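What follows is chain A paired twice: with chain B in the first complex and chain C in the second.
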Partner chain A sequence: MREVAIVAFAQTVHTDHDAGLTEPELLQPVIEEVRAKSGLRRFGFTCSGSCDYLAGAPFSFVSALDSLGAWPPISESHVEMDGAFALYEAWVRLQHGDVDSALVYGFGKTSMSDLREIMTLQLDPYYLAPLGLDQISFAGLQASARGADRAELDAIVRRSRADGRANPYALNLPDPTEEDDGHVAPITDGAAAIVLVAGEEITKYPRPAYITGIAHRIEPHYLGMRNLAQSTSTADAATAAGVGKGPVDVAELHTQFSHEEPILREALGLPEDTVINPSGGPLAANPVMATGLIRIGEAAQRVLDGTARRAVAHATSGPCLQHNLVAVLSSEV
Partner chain B sequence: MTTESELSATYVLEFPGGYTRTTGPVIGRFLTELRDARIVGVRTADQRTLVPPLEYDPHTGDPVTEEFVQVGPAGTVAEWVWVQAPRKNHPLDRPFAWALIKLDGADTTLVHAVDAGHKKAMRPGLRVRPRWRAERIGQITDIECFVPDVTMIVSPVRAEYTITPGRALTRFLEGVRDGVFLAGHCATCDKVYVPYRISCPECGSLIAAERQVSDTGTITTFAINNLPDPRAPQVPFVSAYILLDGADTPMIALVGDVPAHEVRQGMRVRAVWLPESERTLAMTNIKWFAPTGEPDAELEN
Partner chain C sequence: MGNRCAIIGIGQTHYTTKRRDVSMAGLVREAALRALADAGLTFKDIDAVVIGKAPDLFEGVMMPEAYLADALGAAGKPMTRVHTAGSVGGSTALVGASLIQGGVHERVLVVAYEKQSESNATWALSTHLPYNASLVVGAGGYFAPHIREYMRRSGAPGHIGTLVAVKDRQNALKNPYAHLKIPGIDRAMVESTPMLWEPIRYLETCPSSDGACAMVLAAEHAVTGRPAWVHGTAMRSEPIFRAGRDTVNPQGGKDCAADVYRQAGITDPRREIDVAEVYVPFSWYEPMWLENLGFAAENEGWKLTEAGCTALDGDTPWNASGGVLSSNPIGASGLIRFAEAALQVRGMAGEHQVEGARKALGHAYGGGAQFFAMWIVGADKP
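For the complex of A and B:
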């Protein structure tokens, strides 16, 4: 495998409301920031993750290109998924060996519609979508299948919100109460970007965050065809990415619901002393389509700033953790 | 500066009339059977039954067989989550449960709604059956929802009777109509019973002597009632045992014209009668007993 490393990460100061910016306007400063951090103006490959249903605008990724400038023409691709999966595509593209840098970004505004019902549109159109099964409802079925201890979940919310308050990019959410229990990730607008470099190009950076392993696995879509109490696809991706080959200082997990943390922690086989979601995680800021990419960015940032030597990032897609991506970031190859 | 609200609008993204989708033979068979109020699963190569049917075995990726088998319609709830406030797109407009239901004969679970009435009616293991729509069109919503099996029924019980008070009570009510309380005196036991009776409950002798007792008496014990009763004027009301002067047994009656918290044992009371012209052969001739204002009486044990 060709060595690939993350050398720059940036994200918006996320908001819990529509701050009056379009998606390209939200994205532009973030692109500018990773350009400055990486010292690169142009990239061998560009890949983004977004979802047209969030803003209800067709081809929203096309208009987003205005925020980076696509002239002279650039090599670009897009996934209708979280930006983390765009990063995977960029990593694969860099394996070809003919380009040495990639720009990856994800963005989303969930303030514009009812996210819980927008998420119904991702379900199969024959058996699930006609029922009007919304995001909270299918997550509730998984929480029930897991049967997690309520006190454990409350503690996860308290920790996530406290960490989020210490993170200048996350929302400033108070300690949970009975009315605002915080088990569901908040509505958030935001964007994030990452720069990857490969091969010889990495040597130009004093402290890169090497992607020593990255893999994603998917399982059946229909909720009744799988065991919702665990995440086999995460476990398989973790094995393929080599999570267990060394200590894990930090793990950033794409937990949009508190009950997903114990499921993922178990699937990833994380040791007790691994710090989970020190950024606050999605329970403190969930700009959908950027949230997973931010997990990779936050994990990489800790390697870049020297506070972690080896970190794990997780991103998910689909209902009830259907599709999971795991990446291992390390200060050394 | 232009404010956000000045330039804010609502717009709708919609496929008018809905988006047309082909079903393929496997899903199409399931939906066709559903229209006929039957639920079928499809067999996989390793003889598992997938419900709802998929075109490929989710475990192996192999095509499923062409063998469809009827399952259910009853099944067992595996997992459930309660929806207290249904959304407009939900199948029911009242609180319900989402559930993963293992239909009898299936190896997988089906996602659907359960109309259980109350959260406490839901549990893993609950037996449920589909409630079919009368008009079925070949959609998963042809099953309106699932409902719990019948495990309980409500039995109405009602019988009508014609009752008469009997000789003793008739005689007592005649007294009440005339504004007096009639008692029976047992010569053997030397006891005076109110209301009037024709035999002594202690010795069984016939009671020959009819005796009139006073309409004043003493409260021996009482209860403050906070639940409304059609026979009482208001809540709270006081019902008491009243030992009429000259009687040896107390009589139950309401106490009125006094705040409930002032009623006490030993309190002296007098019957408040309806005006003579309104009296009938009924206990309602006595509105209640009201305090006389006399000093409290000493109660014997």
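For the complex of A and C:
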């Protein structure tokens, strides 16, 4: 495949409440930041991820084009998925060989609606949604299928929140308590953007984060059709992306619930010494539809700033880790 | 544009107001199985699935690809959900083709659908984002002023829209999958229907349809059956609120057409494209897009329509299938244009086949006439 690298990443300082900004207003500063970091104003391809149901109106992505200042008109597409899947589409587009740069972004405001109930509407509308299971209930089914040790999960939350407090972009969440146990990712507003370059264009950047592998797989929707204690689609995507071909210094995982970390860690086959979610991960900031893209950005940033040589990023979609994407970022091809 | 990409299978459902006999999963699966049968393949032969539809509010299912993965045989494979407003069907084909052109996969299933009977699209389109003003009711409310401006600029006589409404419905009588089949349709019938959004009358608008369309795309070495070949693909988007944007003859459409023509080596679209399937949801968009796509000079498009050039037996047939005016499962409408273009160059369009079609244009647009997706397909390898 053609070499593709991440050369710029930016994210908002995420908030746990509606700060009065529209989605385009959230987005514009991060777009400007990746433009400045990459030195590029225009891109061969642009792709974004967002979800109408968070805004409660159709076409949430339309006004985002205004914040890009997409003029003259740009070659652009959108996925109704996390921005990580938009990044995959851009990576595919860069394989054609006729364009050398791509802008990817994702954004979401979950402060303005009831995310837990909205996620119910993602279930099969005929047989599952009428049961009224909300997001936390079906995650609970997975946690119980996994049978994870409570102390282990509490430690994950404590670590994530502490790392989040050290991350200027994540929320400032206190150590977990009985009332605020933190096993569920918080409501968050935010946005993120990444610039990809390909081929010769990469040589213009002193320290790119090469995407040496990227793949995604979906599983059956029905929870009863899957072994919820494992994540076979993550394992398959990890094999396709070549996670096991080298050491993994850092892994950024799209864990919206604490029990997903041991499941993903196992599926990815991560070595014991891999540092998990040094950013704090989604348990410290979860701007839905940008959260997965931020995992890729955070992993890439470690490579860009030289603190990691090889990093793994994971993004997910659908109930109980139904659909998983894995990317390997490396300082070398 | 990377590796060669062929269209080797096409499947459509019969478009209709209400498909009460199938679920959404049943609907998309019906189209997918027909496309696979056309290609002589099964789900096992597919490497990846790309699905598109218009806003999720139309059916009330958020990100429905999660639920539809099972019905489309996607388990264990990559699945992507595309959403680019009304152009989404076209974009879905392009995202699928991109996976082949980029050398990532050998065979990709693309599917688009809408089950409009699950809700009411006009009202789903009339909600607005927090902090933003909602100016219109439905798509017709948005586009009618643009049409009036086109009439003012071009001096087109008032009956041009009526001619398109009649012509496309006459074509639909020859398409077994078309939704609106109105025997004996004529100008008097169209002109007798109520005015919805001046100057758009009831029969000058698209219907609300349930339906799905699917295609199997393949790399050159994985072709089965009779292929159509992709000669060019292009997407363009422009900001909806940009001051000075020409909403009647948008720059994005012109740039997208120029890009796709360049890839396909087309310099005179009217002469070199044998048949065009163009997204015309309101009758007046035929003359407007004739100009935007370079088939006619500015302010001259209506003259081609009036002279019958775009009829099935005209010199540049547009929407031989009956077009969006005859079938409109919104999210699928763009993919149907792309699929019908491929059907024509495969010589498999049946009664609405344009004799000897070798090169065809598939076109879709969306949002506030700001998202464009196009491809050129041909009978010959590019």
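In this text, the second predicted complex is superposed on the first by the 333 of 333 C-alpha atoms of A that agree within 3 Å, B and C clash if a C-alpha of one lies under 4 Å from a C-alpha of the other, contacts with A are read in each partner's own complex, and residues count from 1 in each chain.
Keep in mind that, in the parts below, contacts are C-beta pairs under 8 Å (C-beta built on N, C-alpha and C of every residue); 3 or more make two chains touch, one makes a residue touch a chain.
All values reported here derive from a predicted model rather than from experimental measurement.
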Touched partner set for A:His96, first chain B, second chain C, both or neither: second
Larger contact residue set on chain A - chain B or chain C: C
Which superposed partner A:Glu117 touches (first chain B, second chain C, both, neither): first
Which of chain B and chain C A:Ala143 touches, first, second, both or neither: first
Touched partner set for A:Ala166, first chain B, second chain C, both or neither: neither
A:Tyr126 touches, of chain B and chain C: first, second, both or neither? both
Which of chain B and chain C A:Gln322 touches, first, second, both or neither: second
Which of chain B and chain C A:Leu223 touches, first, second, both or neither: first
First (chain B), second (chain C), both or neither touched by A:Asp134: first
Chain B and chain C contact sites that coincide on chain A, given as residue numbers: 53, 56, 125-126, 128, 219-220, 222, 225
Residues of chain A defined as touching chain C within the complex: 1, 22-23, 46, 51-53, 55-63, 65-66, 68-81, 85, 88-89, 92-98, 112, 118-119, 121-126, 128-129, 215-222, 225, 233, 236, 317-319, 322-323
Residues of chain C that touch chain A when the two form their complex: 1-2, 23-25, 54-70, 74-85, 91, 94-95, 98-99, 101-104, 124-125, 127-132, 234-242, 250-252, 255-256, 259, 367-368, 370-372
For the chain A and chain B complex, residues of the former touching the latter: 18, 20, 53, 56, 116-117, 120, 125-128, 130-134, 137-138, 140-141, 143-145, 219-220, 222-226, 228
Touching residues on chain B, where the partner in the complex is chain A: 4, 11, 13, 19, 21, 23, 27, 31, 50-52, 54, 58, 78-83, 87, 89-91, 98-100, 108-113, 139-141
